[in-house]
Structures are given as structure tokens and as C-alpha cells.
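Each in C-alpha cells, the structures are laid out below.
Two complexes, one shared chain (subunit A), two partners (subunit B, subunit C).
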Partner chain A sequence: MNELRKAIEAEWPRLEVVIGWGLGFDPYHTRPLFVRRSEDLSGLIWNPFCVQNLTGYLVKTPVVKAEDKAKKVGICVRGCDSRSLVALIQEKLVVRDQLLVFGIPCSGTVDWRRIAVQTPLSGVKSARFEGDLLLVEDNGGVRKFSPDQYLARRCLRCVHPNPIIHDVLVGEPVPPRAAPGNRYRDVESFEQQNLPDRLAFWQEELDRCIRCYACRNACPLCICQDRCIAETREPRWLTQRMGVPEKFLFHFIHALHLAGRCTECGECERVCPMEIPVTLMKEKLGRIVGDLMGYEAGIDPEATPPLLTFNPAETGI
Partner chain B sequence: MGTMVFISPERLAAALDRLAERFDLWVPSASSRGGGAVRFRRYASGTTPVLDRLTALSPKEAVQPQVESLLRFRYTKDAEDPGAIQLSLEDRIEVKPTLVFGARPCDARAFLLSDRVFLEGPYVDVYYRARRESTFLAGLVCREGDSACFCSAVGGGPADTAGSDLRIIPVGDGLVIEALQERGEPLLEGLGEPASDSIQEAAHQVVEEVSGRCMGELDTSGSIDAFKSRFQDGDYWREVAERCLSCGVCTFVCPTCYCFTITDESRNLQGERLRSWDSCMFYQYSLEASGHNPRPTRLDRYRNRVGHKFSYFPEKYDGQFSCTGCGRCVRSCPVSIDIRRAVAGLKENLCECP
Partner chain C sequence: MSVEDTTPMSGPTIRIVGFLCNWCSYGGADTAGVCRFKQPTDLRIIRIPCTGRMDPLFVAKSLIYGADGVLVSGCHPRDCHYAVGNFYARRRLEVLKHFLPFMGIDEGRFQYTWVSASEGQRWQEVVTRFSEQIHALGPNPGVGFGDGGGLSDSRIGHLSAEGIHGPAAPPMTCGGKAANRAPDEPETRNQKPETRN
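And now, the complex of A and B:
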């Protein structure tokens, strides 16, 4: 889609660097792209294969920033990413004025792993869209996938497809994929199971965890970076053992540190090489925060996330 | 070709059950709900091997477990003489005969590379050696390569047999198992029926067809020196790895990454010395006791990964790369960092960036 590139080109004089998406190792995988020279703008793309949430690059060292204070950092955000950005602004981790936000209404992105579970593909030759159908040609011929089949789980439950904040809107707003009352359907169906089954589910899922910490490092709001409790050596809070209890402890610390902050962007789950549905834990917390405190993360840049309102002087807690 | 037996789909479970009687058997399998990444797991009767999809992890954990106990220790105090503390150590190595069923050629070759590090000396790793000597590999002729694969570019190939004791050749719905090494012959006993001439012919055809495939292109010539010339080129490493998240995915899914850390974990007066996988992508990996970190940024760390695989390792080990082209680091990287691009670019425009 050239619309995004054109919009960025039009703003280029005000920008020092733009964070967007470029082609990855094949035409159906994309990568974060940092553009610092106008001649590289042609590498920018936007399509339903663009999966990465780019906002983490604004806060994780080495931070992408403009050296020339008169210029700004351009960042491309979908609806979900814009909520991460709002959360970062709330916590004063990024300065809004230093950014030029290119907002993109998004109808969802492709999850190749979900497709592979339904239909193993071999030798993918091409992938294109016909309406909202994804047509993939592989050694077995042309196969058609509907949005229900190819969209990432986070996209199927998306209620904010349009950017919450933006300076330039690229494209027309799109309708949400899920109704607000339906956004926690995965948590609800999980909770239909009895406790032993839920325990068995997490035991099996977390057993696969290899503690690579991709979930943490891809999370735009996991900002402790190299000071994470999971790896501190003095004191050593977590053992090096690889039992489910150790893995559970890490994932739960991760989730709890995000309670009321997590915007459920789903990056943690997307990047997991072992395909563990780790966002589900954060969805549960998001729901609790919504029910108890009437708060939805990443919506209002002026709001304070409920668990950041702690005041030591307050009495009666 | 060696002796061949044919295992029909109906007999596969019985064949695996039989192998599991003699071996700690590892097979690629999915989670019970069908989803989730395919990885090598210890076989239990009823496990369905998944041989038509690439695995997220290599089977290296069969020989290099993600965590293992090197020794147990215990301090004993003397009530009469509190200053006298006795230390007792126990370092039993428990190893069972192991068979990895369905390792792909890239995975099988990886064991040969790690062998050089752990077995060639000057220091031999006795824990590694004990496991490795009792591990058999049944390699799978690989027909599932994708756009991330590049085994053919680093000395392997989708029908390569290096490192395998047995070869698994998918024929129709069944599997032909061929003994490649003498020590593989006895494993075939009672596994299936002797392969008929027509099945043997079909197996030959599969091998021939797959052998002809070239998986991936990458010019690795001169990478040892090209890497050194690029070492200080900050712009190059920023271009290659600025997007790196510094997670451990590439190293943990890699069949040839073998780095580990050792920790003593104790409670009261007893504990264990653990060895566990470590990753050069982690900040703590290179953090020194003084607080100095020679590889403080993710750019430094990614550079090290490329250097180790395509410069330092081949320099030390007769030009062999510490990479078998399995493509896992490319496929699993959350931000699509492509080590092929990082290696290919080493030689590009070198004169401009001395």
C-alpha cells in the first residue's frame, strides 16, 4: 500500500527517522524498518503481513530518537500499537511532542502459524488477497483462507482497529472485528473448564516454555530490560531449573507487572517460538481491572493507570 | 545403501513402542490439543510423531539438556567443633541409551559440530561425552524445507546423512528405515517388514529427488576475514541488528548454539551445581563481575553471534561453520533478522567502510 509511504514522504522534512515495516526474509514476512535517508523510504510497506508492534523501539536501549531536536521520530501504529503508545505516554516513557504518529486503521494481520495448524503448507509460492480472503499457492495448489482462519487471535478479538492517537491518519477507519462484550471470549471459554483442566492446560502449555524471554523483550511495556527479576544474579530470585513452577513464576511476574498497564496488543504471544498463548493471562488481568476499576489501558493519554495511583500518604488502605 | 525395512502407517506405533523398550526415545510431537509448536519430546506409548512439519526446536536437548545437575553438594557441621565443616560431593552421571527419531539432516549434522567443541579437547566434557556416545540418530529425509532454510549453502543438504545412524525415508504413507552405520543395523530388527524391491526403488527415488534440491543460497566464502574487517563498522551492525530485541530465541532454537552457564543453587546446607543453556543475546551473558560489560548493546551481541558462527568457529575448526542452515533463527525471530543477510553483507561495499 503506497498510501502510507506517500503520507510519510509528505512529512519527511520534519522527520529524522521513521519506524515502519519493510520486507522480511520472504514477501510474506515483514520486519521493523528504520528509515533515516529519504532514498530508503521506498522500502516501507504496509499490508496484513506487517505484524510487529513497533512502539517498543521508542523506549528500549538503544532508543530510536531524533538527534536534531527540531525534528521528530515518525512511528507507524495500528489501533493496537496506538494503545501501547498511549500507555508509554501516560507513564512518561516517551514524549508525545517528539513523535509524529502515522495511524493506520487495521483490519487484522495474518498469523501463519494458525494457518499451519489448520493446513500444513509446503513450498509457499505466493499469497494474495481477494476481498478479505487470503489465497495461498503452495505445492498442494491454491488454498483459500477466511479471516477467521488466517487472522491472529489478537485480531479476532480486536475492538480498537483504529488508532486512538495519531497525527496523520492513513486510510479510512474500519469497523472493529469483535463487539466490546465479546473481547474476552477466549478467557470466558477457558473459564468454562473446571480447575483441574485449567491447571492441566497451563502445565502442558508452560512445559514448552524455553525461557528465551522473547515475550518480555517484545513487550513495549516491559521496561526493566536488563534489570528483570527473571535474570538478576544478586539476588537470584528465580532458579535456573526448567520445571513448570519456575516458568509459571516468570510468566506470572510478567503478567502482574503489567496489570492495568497491558493493552493486550498480543506481541508476547506472537513472538513466542513455542506458541504458548501467554496473552491469555494478561487478558484475564485486563478483564479484572475493567470489572473492578472500570479502566481500560491505553485509551486516555491523560489518565493514570489504576495501579500507578499508589500514594504512601493515603490512609485507610 | 544399507539394509531397509518398511513400516506401514498401521505398524508405526508398534515400531516406536519397540524402540522405546530399548531406548529413551525422542520424537517430534505437538501438544495434546494439537496446537503449539512441534518439538522433540520423550516418547510415550500413543504419542503421534509429527514428521510433516519442521520442529521449533532442534533435538540438541537430547544430548545437551536445557538444565542438568552436574553435581550435588552437602555441608556437614560438627556439633562439637562448629568451625569444622565437611563438604561432600556426588557427581553421578546417569545416562540411558537414547534414540532421536526424525532428526532432519541439519539437526543431525549439528551434533557433529558440537562434538568438535566438547570432545576434541584439550578439555573433554565428560557429561556431554557420556550422553553423546549413547545417542543414536534416525535422520529424516527432509521434504518440508521453506524459504528460511539454507542447509545446502553451509555444507549440508535435505538428504544429507552426516551424523545419522539410520535414515527415515517417507514412501507413500509409510516409512522406509535404512541402516546407514553398522551400529544402526541391529536397531532395525523387528521394526517392520523387509522392504520389497519396489519399495526400495521408491525409497531410492525419494532420496534422489530430495538430494537434487538446493535449499537456499549464500556465498560464505571469505567470511572469516570479511567479518573481522566489518567488526568495527557500527553502521553495518546497526543496519543488520538495530531491530534485535535481545531475546534468546535464535540461540535457543539453534541446533549448534551450545553456550551454557553454571550456577550453584543451594538451600541451607545442601544444593546442586546446575548447568543450563545460556544465550549470548542476553545482557547478563557477558556481564563481568566488575560490572563492566564488553557487549553492552544488542548490536554488540548480535555481532558476536554472526562472528562466532561464520568467523571464529571456522577459524578454529577447519573452515566449518557453526551453522547447519536449519533456518530456525530466521523463521522464529520476532523481528525477522536474517543471518543470511548479515553474512552476505559482510563483503558488500567493504572498501567504503574500512
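And now, the complex of A and C:
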């Protein structure tokens, strides 16, 4: 869609760099694009194949920032990404004034892995949209997928498709895909199981973990970087041993460090090479924090995440 | 001094890790000792400067590696030596308490409470009740050990001494699950007979 490119071109004089999406190794995959020259603006794209949450690039080394103090960093955010951005602003990890936020109402992104699980594809020739449907042509002919089939899990439970904060809104607001009461349905269906079954589920899932730390690296709010206690020798929380206990503890570290901060953007799950549903843990934590402290992460830039503060008046806790 | 058996119940050895704040609960446990209140002997106490020091991961790690129970105790809210440490702690620990069962770990194995330095009687009640609760739950197999054993001596050795030289990781199969250890493969760290059963 050219709308995003036009909006960015109109603001270009104020910008030093823009973080957006560009074409990846084929037309159905995208990669982050950092535009520093106006002639490169034509590489910017926006479509349901744009899956990356770009806000992490504002805080992770090498940090993208404007050298010229009079200029700003442009960043493209969908609804979920804007919540990450709010969380970063809350914790003073980015300065709002140095950003120009291009907000994009998003009606969901495509998860190729979910499609491949349902229908193995070989040699994809083209993929296009007809209304809600995704039409994929591969060696076996044209196949149709409904949103329930092709959308990423995070998009199926999305209640904030429209950016929470933005300077420029690109496109018309869209209705949320999930009703607020429905957003934790995956957590609820998981909790139908009894305790031993849940443990067995996680043991089996986390046994696959190769501790590549991709989930941590992709997470916009995991900002300890090379001081992450999963890797430090002092304190030494984890050994090099590849047993299930170590993997379990690593995921506890990741999840508990995000309790009350995680905006459930689903990046950890998207990047996991072993397809472990790691976001499920963060969804549960988000729900706990919502139930106990009435807090939803990434909504109010002025709020303090609940585990970074306290309330003496609380009882029953 | 002749010591009678103070273990309230017979049965398997139970190891409970207690994280006690230096200023209140550690003093409370001391008071209970000075007053010679009868206490169960399952508790191993770790003194921390304040419950604000209490990282929920201490609890998670203990339970993953097979501690049978974890008890955290500090100053009563509003009585913290550092004014606000336990206000932070109670939020973190409450979140953890709700999160543990989601991961398949019994939340009954973890408890946090508040005991002041003068409450020796209350300390005795807390620790007796918690110990009874853990005895009812039985030994904690830990996560992913697959041997049904709790925090046995051999496992403690594995944790501290083997470290990075521990048993080789099972081979990975590409794109699939790690091959599980064959059931008949000898496991050196469990060759010692289980002493607890």
C-alpha cells in the first residue's frame, strides 16, 4: 500500500531515519527496513505479511537514533507494536519527543507456519488477498484460507488493532478481532487441564527449546541484553547443561521479568525456531496482573508498571 | 541434651527452603528457638536482608530443582525495616503464586507470610502448618528429571559440582524433539539408592 509511503514522504524533512518494513527474500516475507536516504523510501511496504515488531530497534544495540537533534526517528507501528512503544516510554527507555510515530490500524498478519501445519505448501508462486480470504498458488493449485486459518495466534486474540499512540494515522481504524472477554481463550482452554497434564505439556514443549534466546532477543522489553542473567557468570543462574530444568528456568526468567510489563505482542512466539508457544506464559501473566492489580500493559504512557511500584492500601495480597 | 524426635510425622525426608527477612522473621524464628517451641525440622533457612530482596526466581528455581516447599516470610506490611520492601515483595510473590500452577507446579508448595521478631508463637504455628501441608503433598519430583526423586543428595551434588561438566545433553534431532534419554540407559547421578523412601 502506498498510503504509508506517502505519509512518510510528507514528513520526511523532519526525519533522519525511518524504521519500517521492506521486502524479504520473497514477496510473502518481509524484513525490517531502515531508511536513511529519501531515494530508499520506495522500498517501504505495508501489507499483512509485515510481521515484525520494530520497536525493539529503538532500545537494542545498535540503537537507531537521530544524530541531528533537530530531527526525529520515524517508526511504523501496528496496534500491538504501539503498546510496546508505550511500555518503553513508561520505563523511560525511549523519549517520545524524539520519535515520529506512524500508526497503522492492522487487521491481522499472516503466519505461514500455521498455514503449513494445516496444509503443506510446496513452491508458492503467488499469494494475494480477495476480501478476507488469502489465496495461495503453489504446485498443487490455488488454495483458499480464511482469516481463522492464516492469521497468527496473536492476531486472533487481538483487542487493540489500532495504535494506542501515533503522530500520523495511516488508514482507517479497524474493529478488534477478539471481544475483550475472548482475548485469553487460549489460556482458558489450556487451564482446563489438571496440574500433572500442564506440567507434562510444558515439559514436552520446553524440551524442544534449544536455548537460542531468540525469544529474548526479539522481545522489545527484554532490555538487559548482555547483562541478561541467563548468560552472566556472576550471578550464575543457568549452566550450559541442556536439560529440561535449565530450559524451564530460562523461560521462568524470561516470563517473570516481563510480568506486568509484557504487552503480549507475540514476537517471542513468532521467532521461536522450535515453535514453542512461549507467549502463552506471558498471556497468563498478563491476565494475573489484570485480575490482581487491574492493570493492562502498554495503554497509558503515564502509568507505572504494577510490579515496579506498590500500593500500601492493598489488602489480601 | 537429649533430643527427642521433633519431626511431626514419619515418612519421606522433606526439604523446605525458608527465605526469612533478617529483621523480623529471622528474629521471630530465633525467638521461637529461644522459647524452646517445638518446631518441625524440615525447614532450611536462608537469611535475606529484606523480602524486597526476594526474587520470585529464587522460588521458581528451588521448586524446579526439586525443593519440596518454599516458605518466604518477612516483616508485616508497614513494618518493613526499609519501609517499603515487603510492599514490592507481596506483589511479586502473589503474581508468582498465581503463575506456578499454570506451569504445572503445585502452588501449595509455596507460601509467603509475615512474622515479626516478637512472634515466636506465630512462627511456630506458621512453620508447623506449612510443614504439614508439604508432608501431605509429598516429595516434589522437580521438573524434567523424570526419575521421581526429589532434592536428593545426589541431585544437590549434580547442581553444585557437576555444573557445566554435567551429563551430556541428549542429542537433538533437527526440527523435532530432543531424543529422550533411553529408559534403560544408566544414569550416574541416580545410581545411589534413594534414601528417602
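Brief remarks follow.
Operating definition for what follows: the second predicted complex is superposed on the first by the 308 of 317 C-alpha atoms of A that agree within 3 Å, B and C clash if a C-alpha of one lies under 4 Å from a C-alpha of the other, contacts with A are read in each partner's own complex, and residues count from 1 in each chain.
We adopt the following convention: a residue touches a chain if its C-beta (ideal position, glycine included) is under 8 Å from a C-beta of that chain, and two chains touch if they have at least 3 such contacts.
Computed from a prediction, not measured in an experiment: that's the story for all the values here.
Once chain A of one complex is fitted onto chain A of the other, the partner contacts of A:Q240 extend to both subunit B and subunit C.
Of the two partner chains placed by the overlay, neither subunit B nor subunit C lies in contact with A:G140. Of the two partner chains, subunit B is the only one touched by A:H29; subunit C is not. Once chain A of one complex is fitted onto chain A of the other, the partner contacts of A:A259 are limited to subunit C, with no touch recorded for subunit B. In the superposition on chain A, A:P180 makes contact with neither subunit B nor subunit C. In the superposition on chain A, A:R198 makes contact with subunit C only, while subunit B stays out of contact range. Shared-chain residue A:P62: touches subunit B; no touch with subunit C. In the superposed model, A:V289 makes contact with subunit C only, not with subunit B. When the two structures are aligned on the shared chain, A:D226 is found in touch with subunit B, with no touch to subunit C.
Residue overlap on subunit A between the subunit B contacts of one complex and the subunit C contacts of the other covers 201, 204, 208, 210, 239-242. Contact residues of subunit B toward subunit A in the complex are 31-37, 39, 52-53, 56-57, 66-67, 143-144, 146-148, 242-243, 245-249, 251-253, 261, 263, 265, 274, 276-277, 279, 282-284, 287, 297-299, 330-332, 334-338, 340-341. Interface residues of subunit C facing subunit A in the complex, by the touch rule stated above, are 56-57, 60-61, 64-65, 77-78, 84, 87-88, 90-92, 94-96, 98-99, 101-106, 142-145, 162-164, 166-167, 169-170, 172, 176-178, 180.
For subunit A in complex with subunit B, the touching residues are 24-26, 29-34, 52, 56-57, 60-62, 64, 116-117, 120, 122-124, 201, 204-205, 208, 210-214, 216-218, 225-226, 231, 233, 236, 239-242, 267, 270-271, 273-276. Interface of subunit A with subunit C (complex): residues 187, 190-191, 195-204, 206-208, 210, 237, 239-245, 247-249, 252-253, 255-256, 259-260, 281, 284-285, 288-289, 291-293, 306-307, 310-312, 314, 317.
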